[in-house]
């Protein structure tokens, strides 16, 4: 009886290592297979959307769908069984992603061709991040995201400014340009301003009046300068991580902004705490 | 009588804290409501410009306009009453913005559908900055703007150079390309050069001759390099603003790399020479 | 007689100061007027190219042309008379620019509407740089150009790589895409590759086959990364100017790359020459 | 007999120096001629693809092809004869490039107009890199590539994220937009997302519904921010590669900020501890 429980526990631990750890051979193998299946399942979703392909190979896609869903279902159940806190996993980001990657397929079999679920199925892509989590990229990723996180205030301010700018520019262009050029209302003008300021420039809406083109020119040159701002933000954030200003504050004068090699406060000369 | 004045003064102080301070509960609430109303009023202006929506809900927009204007009017009057120097406020940037955000609506009721005022109404967006002013973003904003301000000479020179460049390129393209390709005059050529150099590329005007396309290719690659300049300027300014390291070396321990705001050596704590 | 020569010399010096120096009142005034006239003359060239305007105000443009050319002619002659080494000035960049800004107009009167000279006339814009030379921007300009100059090798290599890349990509797209999509020959393919890689994207030529669009996607993402390179080059060059590595080489071991605050060679410890 | 071998050896050495070394006169001359011939041969490939030119000068191209191929063939054989390890050269990147630059031409004579080989012929461009290798650019090139190499993990992660992003966005747009606007299937949606996110914006596919344009606006602003990431990566890598400053402080004078290649203190000349 005890032995039974024992082997059971051992089985759990083994499976846990295979599914959650990436340092063992079987763990690596599992991650590799999972990654491939995720890619294939996403590829299926994408290709199935192409009319001609769906018509010719519809049945194969249905079969593939069965297999993928089956695999993900088993994986999902396994994860729930194995982890210590199932609820914690189910409620976690990847728990939800895993569930979302099964549900739509399951539904899809009952209500065939439920287009609106295709989008949820494409969420399956998010599962790839789980693999990233386990890889060598973690360090890099965290550095990137931390740089973005550190500059989120600047970025929020930047986007806010952009939105205000494009709204005003959109309104101006709506007033300048005749409806023939596509500026039929302010939203269209705002849309065009974003298209122009971000240097995308579809050309579906373009100013035709001289004044409109002059304003447009200003917007473009402005956008040319504005594009420098996010780059500046991210770059300087990334550099910051190199120049390592720590957040020690002096016990005597409360001064901050000490370089990590500083031994004494730059403001009052008092000894700083060791890092 | 005195009591009267007293309560009056207290009332003023209370209202002042609510409207101008963001650190109290009521202050935060007021800012929140103001922000929402500003957004709604701007949204109204934007949506009203859409023909179909205006036709169906015109009356609702009129009503909303009344409410928003009423609110902004009361707010404006309150601010004038409360602040110590009313004129100073009225002449200030945000004083003018506040006035501009009321006037057009008031006019609009007398001269209905005064299109040309819609642009002034969109200035209401600027009021959002007042909220920004009160928020945590201030620091970031000032850093950003200071970086831009510090590099305004470089930027002026840069834009000046760009304008000269596009004028010459516009003239060249006008000479190379036949009118069929849209280069009917030099201004059109200049417009196209800006569209191309800023990598917007609408495609409404595009070279069709071999020579024209060769010149265009040069312009694009040039623009590819030029886009690096503003980024370089802003980025290096941002870095600069963060690490103003001077060349002082400590008289005691010879340590270098002191921030320019440092009064004492980071290495031995000895007083540093004044800059 | 001597007096005559004296006054003559004084006159020369006075005129020299007015034309070549920008620190005196008259010098500033002269530069200001010159700047305005240059802008007006260029504006005339630009507006004259607009058919409708030329038809209505052709005679005025002719008159303006006379005045501008007269002014520039007088200025040119004055400069030659005043400067110590006339030939040195005439052969200098701005000497040639000054000449070029007179000749076309002079010719234009004999062969009216000589279109091909309009381009030379637009060279008049270059004269603006002379004003820039005299302004506060000089410092900034030299810093910018030095940054570009310092990284010219990198930029040459970069552009060379781009040209090789687009040629190969152009050939590939020419092979993939049918002529209907605009890829009628390799040059067109190269042109499209440049348009795409620089993120201009006119849309006059665009892939229509699945394979073509896949390759295009790769090119775009590549271009997304490549655009980082020139920015990186310029930015790091600009930063370099802050980190001030000087080009002293050690007299003992020939090592270079010493920080400007270095007193001793980092390689052999020998005393370095003072800066 | 021995003499024979000797002269033979000398001949080999001489030729080796001419072909592989760039510091002698003959070496420089050889590289120059080679560079010109490569450019001409590539130009021929490119121009030959232009229908009109091929029709008029087809025979000349055939002749030129003979000459170029002859030259490259001789060069290839010479290299094989001269180098110590022929196989090592043949299997090397440039060995393959050299072979590829002959084969297609040779084939082309038997199967005239074998279009699909034109692409291989355009590989001849790669030979230019060999010249670059021999030039002063080496240092710069290695710095650039090392910067890219150092940040390849970040870039891989970045591109991976982009691909996931565009797949999801493509699926969303496919669901939102009607087929009329060009979003006929998810691949088209993904293609459009890449075109938009990279700010290329052909305009061949563009959203027409309000919701579609709102999503598009978000994508563009996102792309605006995302473009900062690779720039940030490369720039910070470049800075890093240039200023590898370590945290060693001199045991004698406590000076910090030594370059990682420093063996002696820049301040007092004392030996620094090994890293």
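We just call them A, B, C and D in the order they show up, numbering each chain from 1.
Convention: a contact is a pair of C-beta atoms (placed from the backbone, for glycine too) under 8 Å apart; a residue touches a chain by one contact, two chains touch by 3 or more.
Protein identities per chain, from UniProt: A, B, C, D = Voltage-gated potassium channel.
None of the values given here were measured: they were computed from a predicted structure.
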| item | value |
| --- | --- |
| Relative to subunit A, chain with the most remote C-alpha centre | C |
| Pair sharing more residue contacts (C-beta pairs) when A-C is set against A-B | A-B |
| Subunit A and subunit C, separation of their C-alpha mean positions in angstrom | 41 |
| Geometric centre distance via CA averages, subunit B-subunit A, whole Å | 28 |
| In subunit B, residues with contacts to at least two other chains | 187, 190, 199-203, 227, 231, 233, 235, 239, 249, 256-257, 267-268 |
| Chain-level touch network, classified as line, ring, star, complete or other | complete |
| Partner subunit C, residues of subunit D touching it in the complex | 42, 45-47, 49-51, 115-116, 118-119, 122-123, 125-126, 128-129, 132, 136-137, 140-141, 143-144, 147, 155, 159, 162, 187, 190-191, 194-195, 197-204, 227, 230-231, 233-235, 237-239, 242-243, 257-259, 261-271 |
| Touching residues (chain side subunit B, partner subunit D) in the complex | 199-203, 231, 235, 249, 253-257, 267-268 |
| Subunit D residues touching subunit A - in the complex, by the definition given at the top | 153-154, 156-158, 160, 164, 167-168, 170-172, 174-175, 184-187, 190, 196, 199-203, 206, 210, 213, 216-217, 220-221, 223-225, 227-229, 231-233, 235-236, 239-240, 247, 249, 256 |
